[in-house]
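Take a look at the structure set out below.
A, B, C and D are the chain letters, set down in written order, and residue numbers restart from 1 in every chain.
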Amino acid sequence: MIILMKTGCTKVQIDSVISMLQAKGLDANLSVGREATVIGVLGDKSKLNTENIEVMDGVEKCVPIMHSYKLASREMVPEGRKVTVQNVTFGGEKLVMIAGPCAVENEEQITKAALGVKAAGAQMLRGGAYKPRTSPYAFQGLEDEGYRLLRKAADAAGLLCVSEVVDAQDLTAAGKYCDMIQVGARNMQNFRLLREIGRSGLPVLLKNGIACTIEEWLDAAEYILSEGNQNVVLCERGIRTFETATRNTLDVSAVPVVKERSSLPIIVDPSHAAGKRSLVTPLAMAGIAAGADGIIVEVHPDPKVAMSDAAQQLTLPNFEEFMGKCRKVAAAAGRTL
Amino acid sequence: MIILMKTGCTKVQIDSVISMLQAKGLDANLSVGREATVIGVLGDKSKLNTENIEVMDGVEKCVPIMHSYKLASREMVPEGRKVTVQNVTFGGEKLVMIAGPCAVENEEQITKAALGVKAAGAQMLRGGAYKPRTSPYAFQGLEDEGYRLLRKAADAAGLLCVSEVVDAQDLTAAGKYCDMIQVGARNMQNFRLLREIGRSGLPVLLKNGIACTIEEWLDAAEYILSEGNQNVVLCERGIRTFETATRNTLDVSAVPVVKERSSLPIIVDPSHAAGKRSLVTPLAMAGIAAGADGIIVEVHPDPKVAMSDAAQQLTLPNFEEFMGKCRKVAAAAGRTL
Amino acid sequence: MIILMKTGCTKVQIDSVISMLQAKGLDANLSVGREATVIGVLGDKSKLNTENIEVMDGVEKCVPIMHSYKLASREMVPEGRKVTVQNVTFGGEKLVMIAGPCAVENEEQITKAALGVKAAGAQMLRGGAYKPRTSPYAFQGLEDEGYRLLRKAADAAGLLCVSEVVDAQDLTAAGKYCDMIQVGARNMQNFRLLREIGRSGLPVLLKNGIACTIEEWLDAAEYILSEGNQNVVLCERGIRTFETATRNTLDVSAVPVVKERSSLPIIVDPSHAAGKRSLVTPLAMAGIAAGADGIIVEVHPDPKVAMSDAAQQLTLPNFEEFMGKCRKVAAAAGRTL
Amino acid sequence: MIILMKTGCTKVQIDSVISMLQAKGLDANLSVGREATVIGVLGDKSKLNTENIEVMDGVEKCVPIMHSYKLASREMVPEGRKVTVQNVTFGGEKLVMIAGPCAVENEEQITKAALGVKAAGAQMLRGGAYKPRTSPYAFQGLEDEGYRLLRKAADAAGLLCVSEVVDAQDLTAAGKYCDMIQVGARNMQNFRLLREIGRSGLPVLLKNGIACTIEEWLDAAEYILSEGNQNVVLCERGIRTFETATRNTLDVSAVPVVKERSSLPIIVDPSHAAGKRSLVTPLAMAGIAAGADGIIVEVHPDPKVAMSDAAQQLTLPNFEEFMGKCRKVAAAAGRTL
């Protein structure tokens, strides 16, 4: 970190900053220039709070040189990490395609979905068991029974499966039934949940919060990684903006930005960003063109009767066409599907 | 709810919407006009998903007439609710002033803060025990020991106390030590936590999420109320905007909007909105002028050494001056302090 | 438009709304239902202000059925418009590639850029003559001399050219030198300028404002179209969001949304969205995959010495590689380049 | 400005940065530390583009020490500027109250408004002649005739008057009829207009753009000041956020922030922020409590028939009550009204 002192700061002020740093076991490296006096800080900066320094007399501002995440950074694994879940690998040449309904509604629905998406080429089945809903009066999911039905359908179709966890208390059940767990947008900064997932070692799909920055997202991933769980895959699912034509705005630039700053694989969720069936395919194609390592998309055997997200779920025939278009763009981007 | 059919929709399409409604036990009231065909829906709309209707053939759009929250609505308690915590009442003529450090750091610090804010006229002591932090490497609070020290300091000063809960698992400890618990911005939509708080019956201060709308906030309050807990006080703590001069942007208009739409008391947190000591007092004054039922403000006996939020915490002398200014504005707004 | 009356509204209130409508020469179509009373409005709604109705006693809300733009709507030209500028057509199978420096700096620079981008396959040269800059002390462009040098370079290379107009007073000069003019983000709602461009008949590239919705953008296009100028091409250049890793956030979903709602061609500007060279190519690829009709990209013969936007301009070798990648994605999306 | 070099940068890279700076006539002050190498830059930085430096090899980042505006800064006039328009002074102890309809509609309406707001204590009359409207089909104002009627009404009531200018071409007419001109949110970055206003010397009310930062706003003010016009008053009118309960979100913290960073007076427009009559008074009170130097508020003799902004305009009796409440808060904040 660099501490920039105010023009005209006094020697006493400078000394007081240096003493404070030394008291915390840090090294201070002073450079006095004509325009600016600068103090470089060496050592374990986690002992330091930028804010405490910025309120000291004579200090203009602190300029962090390093980001706060380490394990999630690109520098840590310059060639990029691969996350393997059973027979599926995120971050390789082959994209991972995850498909299935918003929510597990009943055995017939999830089984139809599973068989259908498998036939069209998906590798993993999605389906919500615990649904975080804005209103307490909306359908909240089948809970643990949902996990069980998802597993059964995935097995019947020969697919892996992934489902959301909304509280640390459900990790045991989720881990029993799912190959991978998902952290939704609303829980991206549920730090307790992140730590527990870190301890569980379960492969995890970490979605971005709707109003968080990429740096904050990587800090959230760091919570999981710092507990020893390396199996983290990021999922860009759209951010809140002023646009009302879409449910959220897919930040497709998050894909190349994450590739530069982090070693973690990143996939794209076009369904929640679009909020509308007709936009799902172009957004998935855009995500792949930008370099995504996979797609997670909502597919329902009969969206008209879906208990949630009806407007944005693809039908099974839609999904087949979708796969065809994604395959072409993947090839153009030097990937396979 | 009003369902607006597309211009030129067919009788078959209209009948199909009506059948669907009737199958769910709802009444449909058809009005065919020259420009528009409209279907009014009567009955328990919680059985209905707007999205499922909007994807039906012939449907233009659904127009909700009612908001999704009921218990939190103004209609439920037109004169406004009062929430009483021991000897303190939110929503009456007298404003509730809550003050104390960002985090409980040690016994001496929290005790000094408690005695100081009590002397200047505060009724309740704040202090974080569990601190949700963006980075896993930042100070995360003293946890349960923090609750214990907070209680001890509050008792020593003759104050009530409030502290944040970040997970349902901590409710027992929080309830043992605190008079009121707080849900922070990041947990506004942690629905599991909200439900558990609803079941606990503990008085709760519910902060708004940084990118949520007021309607979503009232839906979150509804989660608590719908479990039978009436003791909900809202706290406006700022929203994320493009402005960088402040840590967040205090949405002072939330105060009169909540007063119109909801029966719940609402207080203002100027500290997290401002992010900077010099802005705290004018923002508190603005909140009171707009009709807030109280203020929660960060005060630290020695902000320079604070372990978090150093830049925005008032000193004890600052707080005394702050109270004087707030008192004048409260009087101008027809309230006491 | 549909006017929804409040539950329990009186006959006098209903009559008063109907009289008001009739006084404006509009037809009112009343439907009285059990849950809702609804008044449909027929005729030229431009005489009507939604707000005036919403403040009338007994009125719950007004629900517009139609958007406010007509000429810009998809319904007007369901097959989509093609905009032809000399020998280049926007909206056909072949994408339009526009490239060149942020600003025209001198004859040598713009000529090098022109020859380079032509060699790599661009059809049109870009280069700013009037630069809207946040600070009055920043480089503001060569003004009319910039237009002249741009024209000269375009002619030398056998390219068309496009440049920004920031005020109606510059339209004559711009029209003399440029094949197409550009309206930048800050002027998207400079309605006087839009009208004058409408009257000029000049082909125009209309960028979106950084905090505007797509509906507002189409309303802005309507200003130009309603003056008789059909030659409007939209350009998505990114929106302001909370993300700091990119200069703006490319809203790639604007491409398919515009294709659904409007007949106008739409191209993508990856440079201003990215703000950083390394992100430009993936964003352009994403835009093309999502269905864009072309790309406008910043290319400078020597970005290190560029007088503006140095960080985001491609070099000429970068641009050649860029074209190769875009060509592959275009083919995958069923287009040519 | 401070240039921070990358860890491990080479001597050649450092020399190359220094040469570049010297070639632009700037002094470079090198400090080589163990952790960081820093180059301080002295001289006229307007010759420098941060971006050009950041793309140089070996450069980590540039840290500006100074903001880009000078004349608008607090440092320039530490005690704060006063802007006097005839017999009215912005920035003194007495607040300036400006009231009147959104738009001048006809002589009777504006005259009634003028007499009414004068009677209740306003000093200045507002009324739009040129109305920037999202759709070309909405009412666009009476144009120059509007200015004339506004002047006539103001004179009849003994008030000063202010009205918006949307294009440099209207400055002559506006200057002839108005005591002060207004730049609206959409034109905050219409730099040509700002420069022309700077040259005109006319007193100006500069509103903030709905998605601009305070720094960008002060840069906009700098455009006017740098042309020699000192008579600039800022007006906070709300920003765009995700909140839908209000038309915009009043950023009340802009008041104390502007007071710290700038010498310019600042007033508050509660009407456009609120978008709804019932919220106007609490927002005005909040603005005054936060330290605003005045209020501009929409008042219409008969809002029901207003041609624009019907929902947010106060009636004359509303305005009288409004003035009473504002007066009390002003006194509590140590001001008069």
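Just so we're on the same page, a residue touches a chain if its C-beta (ideal position, glycine included) is under 8 Å from a C-beta of that chain, and two chains touch if they have at least 3 such contacts.
Please read all numbers here as calculations on a predicted model, not as lab measurements.
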Specify the chain most distant from chain B by Cα centroid.
C
For the pairs C-D and B-C, output the one whose chains share more C-beta pairs in contact.
C-D
When centres are defined as mean Cα positions, the distance from chain A to chain C in whole Å is 31
Dist(centroid_CA(chain C), centroid_CA(chain D)) in Å evaluates to 27
For chain B and chain C, let me know how many angstrom lie between their CA-based centres, rounded off.
39
Which residues of chain C are in contact with two or more other chains?
211, 240, 242
Of all residues in chain B, those that touch chain A in their complex
46, 49, 51-52, 54-56, 68-69, 132-140, 166-169, 186-187, 189-193, 195, 210-211, 216, 219, 222-223, 226, 240, 277, 303-311
In their shared complex, chain B is touched by residues of chain D numbered 211-215, 239, 241-246, 249-257, 260-261, 273-274, 278-279, 282-283, 285-291, 328-329, 331-333
Spell out the part of chain D that touches chain A in their complex, as residue ranges.
2, 4, 7, 27, 29, 31-36, 38, 40-42, 60-61, 63, 65, 240, 242
